[in-house]
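Look for subunit A in each of the two complexes below; its partner is subunit B in the first and subunit C in the second.
Now for the complex of A and B:
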């Protein structure tokens, strides 16, 4: 009884504070607008107040679910009590916030001076175009009821573990289906694999042709970030070296390509495919330059040094010192674009090329992971001292990981510059490094499917959720926090390679079965 | 006389002002089971770390089959044929049992990362052979069927044995075991004793071990070296050690006369 009240109180205070925060930065309005967009109820940018109620209901549901999750397997009335407590507490906080801001704005106070996202129009919307106290009461009632509903819903789903039991049954059914003799024969049949690959290949070929240039642009960005993620995954995911300046290699790749192909400032006009190769080589050399002196550092120290390195590269590109070479802050325009049978690459060609490279990248990363090299990396990640005593040249292995990672980034950089036909120093801020690192972590350290999913979630979704433009970082941060609490191992954690015991009679036929 | 696998001369290792190992000589004969014993903090593990290349001793030298180890990087020491286990188990926890053993084989594998990508015939052959060997070792230590279990999910005794298997995977000439029976019950300890004896016989390997359990020490050692406060205070066969006055003092505490004498000695001692 006491615990459930305490949990309710805690959930209520947390969500109440979250509500106030979201309110003050104007996110409640944005959320309502988005819901209107999704439901199609916005009329000429006019958002109906019902959408505000839906936003509140969603918030309240989460409050209730959180309150209920604190009490495990408890009675229905306990769950509801917890939900109601949480709802009331958050409702009271919301009541206060709305009443205070509402009264102030009705009284003519210039709220916008301090809270730039709350213009009078928004404030009126948040008040349901009525008096502050009436609006505040609505908030209180609404949050309480929806929290109650959330707790009830959570209780129903967890009642006798229906939900989790159903999920488990489904999982067992699916996995037993896979293990079924006939099915597994088909799956492991090389012909079947070939057919599946062919179908996927055809789909990948035709998708860019059909879905239009907007999607090609978004998916192209995702593909570039998959390449970056694959590279950083080798460094961070496999060998466990926290490198925060990964953008440096991306930048060197992009600039090498741009300077070698653009008419200004040098007008070298190198063959584009050679330029791509040059980008990879230069990025790799940059990796060597960075790696040789610093890879003896461990953990935090390495992170700080590489963080600095990333910034140094960007500032060098911008600096007066190198303006003659890099064109300074203006960046390089008219970056070369490849030809395809005499036609300049269009968005579809770029998409095809990127998909091909992503597949090759995945292939290389997978093979490396399953080899002695990959095992050495993971051993270093797990315990560097012991890895060394086991005979692994840790320094050499770490350099190799950094070089391969840098090569991926160089390739991605060249394609990035070529596709945008432009590259400037502001494309290579710290945020890029952090984005890529988040892709690796959110996807699951050392997991290849994780990199792909991570890139879609962190680069693809934000592109689609244009409404969230201003709040992208907020959502990003919240997502990371939630991820780390709910699923610290990542969306698709790395699976260990499954080894089959070789049959003793015919050691020559021993096979390693690899399961990702 | 049999050849010496390890010959340490006047080895001194100090941390700041503390001489953890002081002027110690040690000879480990080929195909023997030698033990180092001593009270806590006597410098046993430090000496081990010097032999396995973790530490570089300030003074003296350590020869492995007449080849000096001083200053060799740790992974080179492993290449030469010295493998070790740890007092507190240090497996690669996230990796499976088989992967742990495969990492142990690393020094014996010649494949490069380019070959790993290309999967050329030589690579495939070598990898297959490595996996076969790993499973053989897994069977040998009695963990058949647990190959794909992550190491940190294995029971304690299995982890100890897996650590030995990882060390054996590099086909070492000398195996260093740091307290192989720590935390084991009498039955597990007996199994471990039999296992270590069998190891020497079936694999033609020299073993140097640190141990606190006197029953183990007296049972399996050919030769025992006793350390106390970083100095060697005794050396010999188990029976000799059991009757060595200094050793008894170090373990049980000296009588009043000896205590005062030892105090005087310590005052004048150089380290």
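Now for the complex of A and C:
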């Protein structure tokens, strides 16, 4: 009884704060507009106030579900009581927020000077075009009732972690299906493999033709990030070196390619395929230059040094010192594009090329992982001292990992510059390094399918959420945090990771020891 | 020493290190000779100006760097969102000053005065309390929500969580308060661009009020922190937890609460630095925390991460390097970050645990 009230209170306060936050960032309005778009009820950009009620109801349902999930397996009336408590608490917070902002707005205070989302027009919509107190009462009643309904619904379905359970079931099913005797016979039959590969190849060949250029652009970006992710996966995922300046190699690759092929500022006009090779070589050399002196550093020191190196490269490219060579902040335009039997590459050709390179990259990364060097990397990642004691040349292996990672980045950079026909210093900010690192971690460290999935989730999904343009990064940041708490081993963890996953319910070993 | 040299193996890395070191020393010597006896482009007054700017910015870096170092010392994680904690403090200070400017002062204080100019000292104290309080609250919540569930996870996991929190906070501030730049409303006695004129080498150099104020305040805060860590019971338990969590728990120290308090303290320092930043520089927006955050982390590493005097020294040094480095090396001022990061790389190549850091045990690295 006490716990359920406490849970309800906690859920209520949390969701009340979430409501106020959503209100202040203007999401309540945008959400209502989106619901109108989906239901087709918007009349000439006029959003009916009913949509606002639907938004509130969704929020309330989640409040109720959260309140219920705190009490595990409990009686129906307890679930409903918790839901009602949560709804009332969040409703009271919402009541206060609406009443205060509404009264101020009606009174003529210019809230939008400080909180730009609270301009009078939006506020009038949020008040249902009526008085602040009447609107606030509606909020209170609606949130309470929908939270009650949510708790009841959650009790009926009693779903708990259904998402993560569902995902795990699906994965075990798929993998057990692969392990099944008949299936594995088929898979290991070379003819069957050839047929499957042929089907996948044909599908990959025809997809870009049917997608249209918008999708080719997005998927091309995803493919470039897969290449980057594969490279960083060798450095971070395999050999365990935390490198936060991966963008430096990407930038050197892109600039080498651009400067060797663009008409300005040098007009060298090198053969494109040679230029790609040059990009890879220059990036690798950059890796060598960075790696030789610093790879003895460990952990966070290495992270900050490489981060600094990435910034150094970007600032140098932009600076007056190198403007004659790199064209400074303006960037390099008209970067060379490859020919295909006399015709300049179009988006479909690029997509094909990228797909091919991603497949080759996956193949190389897979072979590397299974090689002796790959096992040495994993040994270094798990315990450097032990690895050294078993006779592994840790320094050399780590340098090799960095060089290979840099080579991938150089290739990706050349493709990036060529596809965009432009490259400028602002393409290579710290955020690129962070994004690639997130791809590796979110996908699952050291896991190749993980890199592919991570790139799709982190670079593809945000493109799909164009509707919510302004809120993309906000959601991205929150998702990273949630992901690390709920599923720290990544979406598709590598098979042989030695991570102990700290589950949410059971405190980690260290915490237990400390508490006792 | 000689034994040490005998055991030295000439790896390619070491040769490269020696070559780089010699190169840097020769270049530095040549540059210092040039600036001292050769060109003479900059007079003593200009150097004085660089010195003042460097100390002021260095004080703020030091305050933020202490936050990184405290958290790192206890949890061995980079609190990547620390710059965003400072940014929210800047916003809180801005709103406090705007509010004080909007409140009319009682008639006794004088005609047509607002609260801010009638009682500037009280208003400033309250502003700093608002900024520091907000940042402390954000730091506390950050630890509760984003870091506490991840204790004992592999090292990279909390780092990604911190990066996520950083992105979230930055965009939340943009969505809440809008992307435009805002300007701090200083009280009249601390008006930006006013200051004392100090004669240096026949010319006058301005020591701005805001600069002097920020510097003095940052020194005071650092002294207060030092006393807190060295003399109080909380400081003692913080040091104990940093040394060994389990042993500290066995001695009856509530580890979770000490960690929370550490985040609160680093939040307070970051918030104060944020308000100083606003008061001294004036313009700010939601990006204000990002660059100082990275710089301060650099400063913390430069001094030896986990080491509080190291963070203070690293911050000051980084500030001075940024303001004087380009002139000393005869480079453009847009390269000041390159110089700062290059110095960091060089320091770490030759002293891998930072200037004041002790060699860390394997577990802590």
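Methods note: the second predicted complex is superposed on the first by the 462 of 516 C-alpha atoms of A that agree within 3 Å, B and C clash if a C-alpha of one lies under 4 Å from a C-alpha of the other, contacts with A are read in each partner's own complex, and residues count from 1 in each chain.
Just so it is clear, contacts are C-beta pairs under 8 Å (C-beta built on N, C-alpha and C of every residue); 3 or more make two chains touch, one makes a residue touch a chain.
It should be emphasised that the depicted structure is a prediction, and the values quoted were computed from it without experimental measurement.
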On the superposed three-chain arrangement, identify whether subunit B or subunit C touches more subunit A residues. C
In the overlaid three-chain picture, which partner chain does A:378 touch, first (subunit B) or second (subunit C), both, or neither? first
First, second, both or neither for A:388, with subunit B first and subunit C second: first
In the overlay, answer first, second, both or neither for which of subunit B and subunit C A:343 touches. neither
According to the stated criteria, A:321 is in contact with first (subunit B), second (subunit C), both, or neither; which is it? second
Looking at A:400, would you say it contacts subunit B, subunit C, both, or neither? Reply first, second, both or neither. first
Tell me which partner A:21 touches in the superposition: subunit B (first), subunit C (second), both or neither. second
Which partner does A:115 contact after superposing on A: first (subunit B), second (subunit C), both, neither? second
Touching both subunit C and subunit B, counted on subunit A across the two superposed complexes: 385, 499, 501-502, 510-511
Subunit A-touching residues of subunit B, taken from the complex the two chains share: 52-54, 73-75, 77-79, 83-84, 86, 90, 92-96, 98-99, 102-104, 106-107, 109, 111-113, 116-117, 119, 123, 127-128, 130-132, 134-135, 144, 147-148, 150, 166, 170
In the complex, subunit A touches subunit B at residues 364, 367-368, 370-376, 378-379, 382-383, 385-394, 400, 404, 496-499, 501-502, 507, 510-512
Counting only contacts in the complex, subunit C reaches subunit A at residues 11-13, 16-17, 20, 72, 78, 95, 98, 145-146, 149-161, 163-172, 175-178, 245-246, 249, 255, 294, 297-298, 301, 305, 331-332, 334-335, 337-338, 340-342, 344-345, 348-349, 352-354, 362, 365
Which subunit A residues qualify as touching subunit C in the complex? 21, 24-26, 114-117, 236, 242, 292-301, 303-305, 307-309, 311-312, 315-316, 318-321, 385, 395, 430, 434, 437-438, 441-442, 445, 470-471, 473-474, 476-481, 483-485, 488, 499-502, 504, 508-511, 513-515
